[in-house]
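What follows is a set of structures for review.
The following pair of complexes shares a single chain, subunit A, combined with subunit B in the former and subunit C in the latter.
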Partner chain A sequence: MLLTSVIIIIREVLEAAFLISIILSLCVQLNLTRHWFKWSLAGGVAGSIALGSQFGWVSNLFGGIGQELVDAGLQVFIYLCLLYICFKFIDHYFKPSGSNATFRAILTAVIACAMTREGSEIYIYLLAFQDLPEGGLSLYGGSIIGFGIGFSCCALFYYWILSFSVSRSLLLGCVLLTTMASGMMLQAAKMLIQADLLPDGQLWDSNGLLAEQSLAGQLLYALVGYEATPAPAQLMIYMVSGLTMAGVIIARHQYWRHRQLPEEANQYGN
Partner chain B sequence: MSSLRRFLLVSILSVLMLVNFIAALHGYKSSMAEAENLFDQKLTAMALQLSSVPLRSQSNSPAPDDEHMVFQLFNADGKLVWRSVHAPDQYIAANEGLSENNFNDYRWRTLSYFNFVNGHRIMIAERMDLRYRLAERVILESIVPVVVVLPVAALLIWLIVGHGLKSLALLAGILRRKAADDLSAVNIDNTPIELMPVITSMNSLLRRLDDSFERERRFSADAAHELRTPISAIKMHLHNLHEEYPEHNSSLNSLERDVDRLAHLVEQMLLLHRTTPDHYPAKFESLSLAALAGEIIAANYADFSEKEQTIEVRGDEGRINGDRFALRIMLQNLLNNAYKYTQRGGFIKVIIDTGPDSVRLTVSDNGPGISAEVKSRVFERFYRVGGDRHASGSSGCGLGLSIVEHIAELHRATISMSEGEGGIGLAFKVAFPPSLIFGELP
Partner chain C sequence: MTKLRILFSKNGLVVFTLALLSGANAYADKPEFELAIEQHLFEPSVLVIPANTKVKLWVSNKDSTPEEFESYELNREKVVLGGQRALIFIGPLAPGEYPFFGEFNPKTAQGKIIAK
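This part shows the complex of A and B:
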């Protein structure tokens, strides 16, 4: 029970924890305000309890596929928010300015949504097993250990990103946000497969190489959306969403580079 | 702004938590495997005991059990001859040795043992959920302290990091409290070696800065002192020139005015240096500000009279402990300013007012006054209101109020500026602290 609790909690916590640490560290590096963070935490906790407590009702929506659709919807929303956030991070890197209200709202929403998605599953898990005779100590002990490992990874990752120069942090942050966002689209595809809205299948099984339930597997799941037995539709959506986001980031970066070149030329000319 | 203490607390606690929790999980897995092994050994020992029980002493009625562990005993013909009450009638396990099976709505750990001596087969099974729960309960007892101790560890790390950074906080406190003109070296007892380079570099910088200020002070003082003799000689030669060339009096008079101005500048520079609070040899004595003001007015009365200015001293005696020479210069400079910038026929007032918390000396006039922008600059060295183009046409060197500021600082007095009486002109107020009123020497 303890080990099961640890694995489930780590799996749920790590993804949101990495997302928080990457976004917060980039905000620090780019001198952006972080006052929005407390609101996103409050929103995440409230959303987790709300969605978790209404799980039965949500599941019965749309002919019994409500939970899958809500989950997939949240993932797609997070992907779009991350696309916008990377875009704005690059803008702030090349042209530092205070964050506007829309940007702050998107930052708040993305973390609140990520927490809601993961937190609601933790809420349901804890609620379901708390009355079992073998629960109690092992359930809550395992949860604390899972939370502890998730928090530690998040904190160390945050300081690790801060240890780089601004340009390298931005590069690393954008790459990781791209892989995480693509991973979320992969999970959204999985939800749609479960709802029979996308075709199922199995391209390969890499569990023998790296078990999805292992700590390394969980880390890769959170960072790059590692899936040991992906379906063709999942892989396709993963590739398309990843390439789209990478393309947008590179295009925005190139746009600013080309704008800067004439300015630099003018400076040297003067 | 990032906090060093928070960074150290969070990163150390995170590493501690990560390492401890992963070690605890590893320990949990190993302990569970070891507990499984022990339970299997117990099953084997019980099977051995049961297999050696003689069959003739057994009745066919099922033996009572606790539902956690059941057994079956088969004779050499493979017939079930004895079982516990909750054991099924059929073979529990198909395979020899240890295996896991499902019956009675639970999963069981089963051992099938064949006794080659008497041909008996023993099947003994234990409920897996119960043995797992028992093992986990025992192991969790050793993991719980790892989790519980973390808040204590966080508190200790917070205190230890705070203690480690104490020297840094001490240094920050010393620098915060340091006066702007205090360039003395910073010393901290038991300075950690990590902080030594910072303190050494800072003290070296302060020393160089102090030396540089001292050189600047000495240079202006020495230069002024060295200029006194040639200026006196020029004055003497000018006097002779007046005698020898009376037809050039106009030019010589202009030259004489400029030399007087130069002599005044040199005297003021010397006074500025001498009245620096750091090295002024103050001799505090009981004196009356009103009497001192009276003396200065009497000595300069001819000048005030020549400009038809009215001057009066009002208020009380204003007895304080002060340096007579310095206060005389201060009053002289304030009155001189009022005299220069007040128009012909204007009035100048010296008001002395002894209150419970200070003795206030005010020199006010009904002259043109100064703008708020200029007020912030009048104490700057060599700053002159309006420069040489001031409407009063008076000359000066812009050091008078800097000297006044030095003398006020020497007496720990405060200077302020406001409009004169009726909102006209300018008033300088010098407030002497109560320590000077009640006879304590600073």
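This part shows the complex of A and C:
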């Protein structure tokens, strides 16, 4: 039970932990307020309990595919939020200003949703097994270890991104948020395939090269959406999502670069 | 090369997307299979399904505790609460063996689907 709890908690916590560390470190680098963070944590805990306690009802929605649709919906919402967040991060890099209410609300919502997705399963797991004889100490001990490892990864990543210059951490952060967001769209596609709303299939099996359930496989799953046996629909959605987000980020960056060039020319001209 | 050009052309991409979407739900009557979870064990632990066919897999959790049906090989994960029945669409699978397990009780809840 101890080891099972550790593995379950790490698997559920890792993705949200990476997301929190990247967004928070970029907020620090860009001198953006972090007051919204406490509300996102509160929202994540409340969302986890709300979804976890209504899981049976949610699962039975839409003829038994409610779980898949809610999960896919959350993933798509997180993707769109991350697209907006990267866009705004670039704006703040070129033209520092206070964050507006919409930006703060999106930052709060993205972390709350990421926590809700994974937290609801942790809530269901802990609530169900705490009263069993084999539960108790090993269940909570394993969970604390799992949370501790997740928190350590989060802190390590946070300080690693902070160790770069502002421009490099923005580049690194945007690349990671793009791969993570595309990975979430890949997972959304997986849920829609499971619900029979997209066709299944297998393009390749790279488990022999890197097992998906291995530690490295799980890390890559959280960071770049690594899937050992992807379906064609998953790959297509992953690529379209990644290219769209990269295109938006590059276009916004170029927009500011071109706006700055005449200003710089004017400065030197004067 | 011509096929690749068609695929990556604007119209080709639309056709490919429509083909993908219409591919789903194209199977009118899907064969149904039952799997039970009892005492943190899958029953049956080996399930034989037809290859190259999409099937409906009903997972009934007869325990009071929840379980997560999980398979890396099948690309499936679904939480089934205690006393509930969940639907998972599987396939079409190439002939072969596809292990699955219960994430909340991985030591005991083990099984495999054989597609043939």
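To be clear about the criterion, the second predicted complex is superposed on the first by the 268 of 270 C-alpha atoms of A that agree within 3 Å, B and C clash if a C-alpha of one lies under 4 Å from a C-alpha of the other, contacts with A are read in each partner's own complex, and residues count from 1 in each chain.
Definition applied: contacts are C-beta pairs under 8 Å (C-beta built on N, C-alpha and C of every residue); 3 or more make two chains touch, one makes a residue touch a chain.
Quick caveat, the model's predicted, so the values are computed rather than measured.
Novice: Looking at the combined model built on subunit A, do subunit B and subunit C fit side by side or clash?
Specialist: On the superposed model, which is not a single observed complex, subunit B and subunit C fit side by side.
Novice: Looking at A:A228 after the superposition, I want to know if it touches subunit B, subunit C, both of them or none. Which is it: first, second, both, neither?
Specialist: second
Novice: Report for A:Y159: first if it touches subunit B alone, second if subunit C alone, otherwise both or neither.
Specialist: Only subunit B; A:Y159 stays clear of subunit C.
Novice: Quick one: classify A:I193 as touching subunit B (first), subunit C (second), both or neither.
Specialist: second
Novice: Looking at the overlay, what does A:L132 touch: subunit B (first), subunit C (second), both, or neither?
Specialist: Second partner only.
Novice: Does subunit B (first) or subunit C (second) touch A:V6, or do both, or does neither?
Specialist: Once the two structures are laid over each other on A, A:V6 reaches subunit B alone.
Novice: Can A:G141 be said to touch subunit B (first), subunit C (second), both, or neither?
Specialist: In the superposed model, A:G141 contacts subunit B only, not subunit C.
Novice: With the two complexes superposed on chain A, say which partner A:F151 touches: subunit B (first), subunit C (second), both, or neither.
Specialist: First partner only.
Novice: Counting touched residues of subunit A, say whether subunit B or subunit C comes out ahead.
Specialist: C
Novice: Closest pair of CA atoms, one in subunit B and one in subunit C, after superposing: how far apart in Å?
Specialist: The answer is 8 Å, the least C-alpha separation in the overlay.
Novice: Could you pull out which residues of subunit A sit against subunit B in one structure and against subunit C in the other?
Specialist: none
Novice: Using the touch definition from the top, list the residues of subunit A that touch subunit B in their complex.
Specialist: Result: residues 1-3, 6, 28, 133-134, 137-138, 141, 144-145, 148-149, 151-153, 155-156, 159, 215 of subunit A touch subunit B.
Novice: Mind listing the subunit B positions that touch subunit A in their complex?
Specialist: Result: residues 2, 7, 10-11, 13-15, 17-18, 21-22, 24-25, 28-29, 129, 132-133, 136-137, 140, 143-144, 147, 150 of subunit B touch subunit A.
Novice: Which stretch or stretches of subunit A touch subunit C in the complex?
Specialist: Per the stated touch rule, the residues are 4, 8, 55-56, 59-60, 63-65, 67-68, 121, 124-125, 128-129, 132, 190, 193-202, 207, 211-213, 227-233, 236.
Novice: Which subunit C residues qualify as touching subunit A in the complex?
Specialist: Against subunit A, the touching part of subunit C is residues 16-17, 20-21, 23-26, 54, 64-66, 68, 72-73, 75-82, 84, 86-92, 94, 103-107.
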